[in-house]
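One chain, chain A, links the two complexes that follow: it is found with chain B in the first and with chain C in the second.
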Partner chain A sequence: MKALQELASKLLSDGTVKVVIGYEQGPRGVRPAFITDPAQTSKLIFDRRCTQNLATYLNPRRKHIAALGKAGVVVKGCDARAVAGLIREQQITRDSVVIIAVRCGGVLEDPTSTAELTAETTSPRCGHCQVREPKLHDHLLGELPPAPPVNPRRTEQIAALEKMSAAERMQYWNAQLERCVRCHACREACPMCFCVECRAERALPQWVDPSPTARANRAWTMMRVMHQAGRCVDCMECERACPSNIPLGLLARYIADSVEQRYGYKATDDPGVPAPLGVFRTDDGEEFIR
Partner chain B sequence: MDWSPKIVAFVCNWCTYTGADLAGTSRLKMDPNVRVVRLTCSSRVNPLFIIKAFERGADGVIVSGCHTGDCHYSTGNYYARRRFAILHDLLQLMGVEDDRVTFSWVSASEGNKWQQVVNETTARVKALGACQPQEKVGQAAQ
Partner chain C sequence: MTNRFLTHENLSKLVADLVAANTRVIAPVPAHNDPQKIDYATIQKLEDASFGTQLPRRSAKEFFLPTTEVLLRYRDGKNGFEVEEVPTTAKPQVLLGASPCDVAAMEIVDKVMNWDYRDELWFGRREATTIVSLLCSKMDDTCFCTAVGLGPDAVRGSDAMLMPIDGGYFVRVVTEKGEALFKNYGTAQLSDAMYAQARKSGEEAHKKVETNMPAIPADFAAALARNFDHPLWKTMALRCHGCGACASVCPTCHCFDIVDEHDDAQHGVRRRNWDSCQTQRFTVHGSGHNPRASQTERFRQRVEHKFSIYPSRFGEILCTGCGRCSRTCPGGMNLAEVVGEFRTLAVSAQEGSAQ
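Moving on, here comes the complex of A and B:
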């Protein structure tokens, strides 16, 4: 993508940014690239395989990247929501990052694949997308491609779960979560997981058992989902990062739907909108209170 | 073997704890299954407390605080209400029966309501049986 490479080269040459975080072709599919030399910007690409959410590298906890200096980051609409989230929660300031937004026509679920976008290969998150042309940006590149095909997998899974009884759901999640090895890759990939010390690693008091037992896995997953409630940008990086293929995106979507239904909040790329669990209305529903 | 449920109650200091105290001093008869944990406010109840209680083998949980509008800290329970609503949905999705978790508002003068919350929750949890009885605490996933 010529415009992207030229812009990155210009930003690096004139010193506006010290590093451009974008995508490049790796030995096994598309991977994140950290370009500090203007001569290297020809490596940058953007196409349907650029699934990764690069906003996660703006996380101030990643000191080795922060040490490179001011970053320019290539974002899709979904990633722009994560950048907005980091600004909203005062992890970064708006002027500490140059946002290079790209108009997006959907991405593949698997960045190592070379398939075309179809209902099976497109990321299930793209079906919900309403920010294919992000408003939060310094530079906006590309033409708006046609809307991607909708991958119905996640919606179908949620519908199936909703039909189950409590015991069946318990069984379903036990079967899923017993594969969890507690590598915490979901947390590491998540752009909104930026705590300096994670509750899961605190030993005194120990909140969550660090060993991969069935109960501890359940507690860990539920804790992470609760911490992400109303903050999750639904980029599905947790699910992609999971080595055990646990459908974490399912939980994320279900809770996002619940937040939207109850409080009318959708993940947005506007940093000015407050997080729904940080505010309240006196007439919030309380049908669940006995 | 006689099984009787373990129920953990997270209550706010200003309303429900005082209400529970009133229930006690009024000699109201209540099931002895509920262990009360006193906290400053219902918004002090981190959803993790409830998750942790289930992880460590509780069969039921009660969360109770001041009625909305009556919070000692003015707005604590409004924030708590949003959090509990989402936690309620999450627990449902994860397959924890609705009847195991009771969210309620009990004021300092509602000793009778506290008695009712305790007895009804205990009855509901008894009807459901132990939570995840097939799996002991600390047992490794296969």
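Moving on, here comes the complex of A and C:
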């Protein structure tokens, strides 16, 4: 993508940014790229394989990246929501990052795939996407491609889970979480998991047992997803990162839907919209208190 | 050792007899939570197993070093503090159809498990397990077992290896354990044609991986150590999330953490759990100081440990070239690429000194 490469080259040459975080062709599919030299910007690409949410790399905890200096970051609409989240929750300031947004026609679930976008290969998060042309940006590139095919898998899975009894649902999640080894890859890949010290790692008091037992795996997963209420941008990076393929995106979607129903809040790329659990409103129904 | 030939029915009977005798049989199966993927798990009959074309998501190490295991139980009772240790003997189990890269890893890790302390839990399971590998046909362009002295046909760590040939399996018997397992099954009457077919399939499999990466040279460890401060570490580590997914799928990563968990005020257990040098918490001191302050140091540690530190201590590379870390990494890190970059530096250093 020529416009992207030219823009990155200009931003690096004139010193606006020190690093452009984008996508490149790696040994196995598309992967994140960190370009610091204007001569290297020809590596940058953007296509349907650019699945990763690069906003994760803006997390101020990532000292080795922060040390590079001011970043320009390539975002899709979904990723722009994560950048907005980081600004909303005061992890970064709006002027500390140059947002290079690209109009998006959907991405593959697997960035190492070479498939075309179909109802099976497209990320389930792309279905009915409302932010294919992000508003939060310093630069907006590309023409708006046609809407991607809808992958119905996750919607169907959630519908199936809702039909189950509580006992059946418990059985389903126990079977899934049996494979969790508590590597916490879900957390590390998540753009909104930015706590300096995760509750899972507090030993005094011990909030969650560190061992990957059935009980502790449930506690860890539920804690993480509850902490994502009103914050998750539904990029599904947790699910993609999980070496055990636990469908964490189901929980993420479910909690996002619950927040929308209860508080009328939907993850947005407008950092000015307050977080639903971070604002006091006199017209709040508060139905759960009674 | 006497090699044998087993038909599929013979192998099926072997599994049935083992299960009937209460021996746990572990084999690659469609994953419980995702049938598109493969896991090692307990089988009841041979038909449960999937010897297909995909490497299991995780290696087989969890059957020797479980993701979590109890080391001891403690109780603060009337007679003071009481400790109950767990038995270190394990029940017999058979690992069937394992990938040669996963099997070789066991022997490599044995060395550290019997270094300054003999890990009785590890060796209890090692001794109780008979390992039957399967000639690998699961290779893709991320594999590099041949570059670390192994191969899809390598029998290191195997008690026997199954090699599919016409009508069943050529069983290459490697140890007494393997001999004992197979002695009453199939036949030891092997034709030259059977030998020829087994040999040919082994050689063909080997060639398929060889083109992925040339053998890692003996001085690679020294080259890595020499380049400890090379700027490449920094640039390559940028995309690393520090999630440790690589270590959890790795057949040779063996680090663990030991924790006490309280059931109530009087009772508790001490467990050991898988751990990974890729996490920030792995090296953080009580003072808050962390000698591996950023992901650059943590990423370098994993590579140096595998290709420099372990070889200098135990004489061999702590990697079997399975490629799982590269397939799993959500950040697109690639171990073969890392090895390739530093190999280039090793070669150029040699050329420099020759001039």
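In this section, the second predicted complex is superposed on the first by the 278 of 290 C-alpha atoms of A that agree within 3 Å, B and C clash if a C-alpha of one lies under 4 Å from a C-alpha of the other, contacts with A are read in each partner's own complex, and residues count from 1 in each chain.
Simple rule for what comes next: a contact is a pair of C-beta atoms (placed from the backbone, for glycine too) under 8 Å apart; a residue touches a chain by one contact, two chains touch by 3 or more.
Source: prediction; values computed, not measured.
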Should A:P276 be classified as contacting the first partner (chain B), the second (chain C), both, or neither? first
Check the residue A:E178 against both partner chains and state whether it touches chain B (first), chain C (second), both, or neither. both
Quick one: is A:M223 in contact with chain B, with chain C, with both, or with neither? Answer first, second, both or neither. first
In the overlaid three-chain picture, which partner chain does A:D209 touch, first (chain B) or second (chain C), both, or neither? both
Return first, second, both or neither, reflecting whether A:I255 touches chain B, chain C, both chains, or no partner chain. first
Quick check on the superposed pair: does A:R199 touch chain B, chain C, both, or neither? Answer first, second, both or neither. first
Once the shared chain is lined up, is A:Q52 touching chain B (first), chain C (second), both, or neither of them? second
Go through the superposed model and pick first if A:V150 touches only chain B, second if only chain C, both, or neither. neither
Where chain A meets both chain C and chain B, residue numbers: 178-179, 209, 211-213
Chain C touches which residues of chain A in the complex? 26-34, 52, 56-57, 62-65, 67-68, 111, 175-176, 178-179, 181-185, 187-189, 201, 206, 209-213, 237, 240-247
Partner chain B, residues of chain A touching it in the complex: 161, 164, 166-174, 177-180, 199, 207-209, 211-219, 222-223, 225-226, 229-230, 251, 254-255, 258-259, 262-263, 276-278, 280-282, 284-286, 288-290
Which residues of chain B touch chain A in their complex? 47-48, 51-52, 54-55, 68-69, 75, 78-79, 81-90, 92-98, 102-105, 117, 120, 132, 135, 137-142
Residue numbers of chain C touching chain A in their complex, please. 31-34, 37, 39, 57-58, 67-68, 142, 234-235, 237-239, 241-245, 247-249, 257, 259, 261-262, 271, 273-274, 276, 279, 281, 293-296, 326-328, 330-332, 334, 336-337
